[in-house]
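In this document, chain identifiers A, B and C correspond to the written order of the chains, with residue numbering beginning at 1 in each.
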Amino acid sequence: MMVATLLVFIMHLGFATLEAGLTRAKNTVNILFKNTIIPAMGLLTYAFIGFNLMYPGADFAGSVFGFSGFGLSLPEGWDSSNYNAGYTYFTDFIFQAMFAATAATIVSGAVAERIKLGPFIFFSLIYVGICYPIVGMWKWGGGFLNTMETPFYDFAGSTIVHSVGGWAALVGAFLLGPRLGKYTPTGMKAIPGHNLPMATIGVFLLWFGWFGFNGGSVLTADPGTVSKVFVTTAIAGAAGAFGALVSSYFKFKTYDITMVLNGILAGLVSITAGADKMGVGEAALIGLIGGTFVVFAVVLFDKIKIDDPVGAISVHLVCGIWGTLAVGLFGDLAGMPQIIAQLKGIAIVGAFCFVTSWLIFFTLKRTIGIRVDEKEEREGLDINEHSMQAYPDFASKD
Amino acid sequence: MMVATLLVFIMHLGFATLEAGLTRAKNTVNILFKNTIIPAMGLLTYAFIGFNLMYPGADFAGSVFGFSGFGLSLPEGWDSSNYNAGYTYFTDFIFQAMFAATAATIVSGAVAERIKLGPFIFFSLIYVGICYPIVGMWKWGGGFLNTMETPFYDFAGSTIVHSVGGWAALVGAFLLGPRLGKYTPTGMKAIPGHNLPMATIGVFLLWFGWFGFNGGSVLTADPGTVSKVFVTTAIAGAAGAFGALVSSYFKFKTYDITMVLNGILAGLVSITAGADKMGVGEAALIGLIGGTFVVFAVVLFDKIKIDDPVGAISVHLVCGIWGTLAVGLFGDLAGMPQIIAQLKGIAIVGAFCFVTSWLIFFTLKRTIGIRVDEKEEREGLDINEHSMQAYPDFASKD
Amino acid sequence: MMVATLLVFIMHLGFATLEAGLTRAKNTVNILFKNTIIPAMGLLTYAFIGFNLMYPGADFAGSVFGFSGFGLSLPEGWDSSNYNAGYTYFTDFIFQAMFAATAATIVSGAVAERIKLGPFIFFSLIYVGICYPIVGMWKWGGGFLNTMETPFYDFAGSTIVHSVGGWAALVGAFLLGPRLGKYTPTGMKAIPGHNLPMATIGVFLLWFGWFGFNGGSVLTADPGTVSKVFVTTAIAGAAGAFGALVSSYFKFKTYDITMVLNGILAGLVSITAGADKMGVGEAALIGLIGGTFVVFAVVLFDKIKIDDPVGAISVHLVCGIWGTLAVGLFGDLAGMPQIIAQLKGIAIVGAFCFVTSWLIFFTLKRTIGIRVDEKEEREGLDINEHSMQAYPDFASKD
């Protein structure tokens, strides 16, 4: 569990390098800043409020909302065993805390290169500190999604983590509008990422961390289950790469590394909901479909002019939904009752996240504004918001 | 064991960054693509066929070749204990699967900057899916190298993994010929790597992963043996760095970071065959000699005009042989019978790998061709095979 | 413990990438070289002499100095249990060995971009091989700091590791003098780091490794204590980021990523002395103050013209002292006797390190010299000491 915690921690570096690699050099400091400060603030917020919203425990106040007070201390008359056995209170907190900031980090990618820093941090604090743990409680804190007749199943968070981030990413990217010059009257203009080795490092670190994300979600050190989850996680990521390779080759007639990288993530998000319930063949199929979906989703979002610089919506929302649904279609839980339970969970979580993230982003847009001005966007956020450059020693092409 | 699996996984990122860092910017996407898709395909191939070739278990058909059917499922009437105790079937698979793609990744470095993508992936699939597990079975699957009177000893794969890759690297580099402009009538022209920090990251990640590679090969969690293996692995890598530092300084009168990096890898490859049988002083000596060998091997291969952009043949083949032989010369097993057993193993595996890799590469060369055309090589593989650049925002020197 | 060892190992990559990222491209190879060769030589030196100076065990010769002979082998009649239980002799060695080189790596950052390679390596060998283990013995090897009436407390090395490096960093930076062009008659000129993504990678890897540094220092696998240490470590780093964000924003009116990165490290160094004795709120407070201190310390050292390219003195010395003192102010040990014990430890270790590092650096300065000549400093150390460039394919701005 503690090793798993560390692996999830390093995913934040994966997100940082992936997002920075897939965007332009002139916005790199801004992206690094966001992806450093969000996990840091997420940890503090989750300790102060989030954990007690997500796992209200003895002070459990209902099936939709509960809260056990501010700050982090083992509540009186209540111990780890109230909700799970085999690890300590602090282990539970730190593992969950490492997850928490992920939701905001996913959004970060979709709104990159044009969002104002202050409003984004404000959004992240509320979304990570309040919205994410409320949704999490519905399933993992013993809430109503877990106590339905056929409980909604989401092993490690295709919906509870990835879709939660994905919905807000969709809302944010939509309300911001596309980057300048992305969709022109003469068609869509690709804006290539400035550092593909860094993006590749990001995806490998994410895959590495995913073994902790999924493996740790077994919540015991039972080697049988953990090792099976490792295999399904590895196979789904690999199959996602293969699916994206094949479909992007047929679509674009080229070997697109960014599609393969997103295909890996797509496979991983897709297996996350059912990593412990799938056989090896099923994991491969789920990953393969996820890797294919992501290629077409990227094309689709560009068609409807939702500009997502890193493909976060395609990876985390589309494949988060797919993976959640797949629990009803394949593996140990497959069957109509489970399909319905999965659809219920997807819809309820989706509605809540869509509405709350809309409320936050829309309020910010109408008050302090969420988008940098045109001059700043053209020159880059690094010079304007941070007074520094990511690579001051190198000559740029422009 | 499962932690070790993850460490071996991250070695693939190490190989990707090392190879990309030691080659030119114009071929970086190609290298990232290869090093992403090979582990992914390797995982799938190994699940589908390789694992059952390497560990045929109850369906064991002989001492040279065995096969227990396609796909991954615990065969009836057969469990992990048939070949080893202390870990699950899935743990065994995933640990071995992470190893498997290494053989092809080693080749990738030696053939970089001029091989066609399609043929290389085709080669990798066959070599990782069939050739590697057949050799692996000879020793680790209970085959004839393991049942000789004095069994061939190769703790974690100086021969079974590194030389297997190294022989194919030699064949591939030879059949491809050198990169344009490398060997001119007026002498050898160094083609420097474009990103030495990335190469350094690669070597540290490989060293990090090597602790899993060697530590996990203990195949138990016995802390006494695992901790000793950690120490020999650390010391051999450090001594390899020192050996390469000293010999490259005397040879080139400069502090060459790439030699030190390859010296670390040389030390690690050298200790891999006997990491559990050596004392600390012996590990230092073996690493030191490995680090020295690699400097002279790099010079030698350049002299005979075998162009190996990253020094993979020197590191993995030369030091793989040295490390395997060292098991007969030093440590708990030292003695003439072991020397002979080691030489037998080296020769038989070498012959098999040389012949099979020659057959595959030569057939590909005579049919679809294995080398990109001159224009593509000059402009870079990234633009021509992938329609993208690794660093589109930066001005290049050319 | 063994996992912790690996995490500490990867900190060396963190130091390498952080230092390289925060300095100029023309000195990158030099920095990579130092940060590769120092851990390698540190491992060898520590095996040959350091470990037996730090943990003299049965051959314990006094409370200030002890030595149990050269080389690494379990001394007769003496086993791990003489100084601690729960892990093997080799585990103990390798965990401590991974720490050892840290002291020199800290110095490396402060003297970067102008120190000669040879003298620096010479300094590192003596400091890591002799000075560090002597100080370490005073506390961790059972020496006089541990046997005072109220023992000096330093859980994982705010003083014993970080200040030991920090004092030598201060001495080295002072004796070398500032980089050319840093302090001009018209004021201080910022010399920005050439690769901020790499610096960010470095800090995340250091944070990642710190969990091993602090977690492993529990020296048992007791999940209660280890998990609490994980939480205090995570929270202090996050609070350090927040402290640096706020204070640097008020000071410079910009969102400075380098300050946030150093703030994280400041928080981590600050919690290191008392990671197991603090509650969550106390950890947050200690980290927050550390993150604030680092911003003002960086400004202060620039004011007195001590040029520290990466802020190593501010992070490791200032926060090392602060964190050590904090053990007397907060948490389970708080109280006047502990404050006095902490002050004693800080002063005695400081005096010893200041004097010994002065002696070594000053002797080197007066004999072979420690600073490269002006031409070499202007052109970069890479071309002059290593005959290579870190990024030969890219055009620079100069």
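Here is the rule we go by: a contact is a pair of C-beta atoms (placed from the backbone, for glycine too) under 8 Å apart; a residue touches a chain by one contact, two chains touch by 3 or more.
It should be emphasised that the depicted structure is a prediction, and the values quoted were computed from it without experimental measurement.
Trainee: If you fit chain A onto chain B using only Cα atoms, how far does it have to rotate, to the nearest 5°?
Mentor: The superposition gives an angle of 120 degrees.
Trainee: Shared interface numbers for chain B and chain C above half of all numbers used, same, or below, different?
Mentor: different
Trainee: How many angstrom lie between the centres of chain B and chain C, each centre taken as the mean Cα position?
Mentor: Each chain's C-alpha centroid was found; their separation is 34 Å.
Trainee: Identify all positions of chain B at which a residue touches two or more other chains, and write them in rising order.
Mentor: 3, 195, 201, 391, 394-395
Trainee: What does chain B use to touch chain A in their complex?
Mentor: Residue list for chain B touching chain A: 2-3, 5-6, 9-10, 12-13, 16-17, 20, 28-29, 32-33, 35-37, 39-41, 43-44, 47, 71-73, 87-91, 93-94, 97, 117, 195, 198, 201, 385-395.
Trainee: In the complex, go through chain A and note every residue touching chain B.
Mentor: Of all residues in chain A, those touching chain B are 3, 7, 24-26, 192-197, 200-201, 203-205, 207-208, 211, 215, 223-224, 226-228, 230-231, 234-235, 237-239, 241-242, 245, 252, 254-258, 260-261, 264, 279-281, 284, 391, 394-398.
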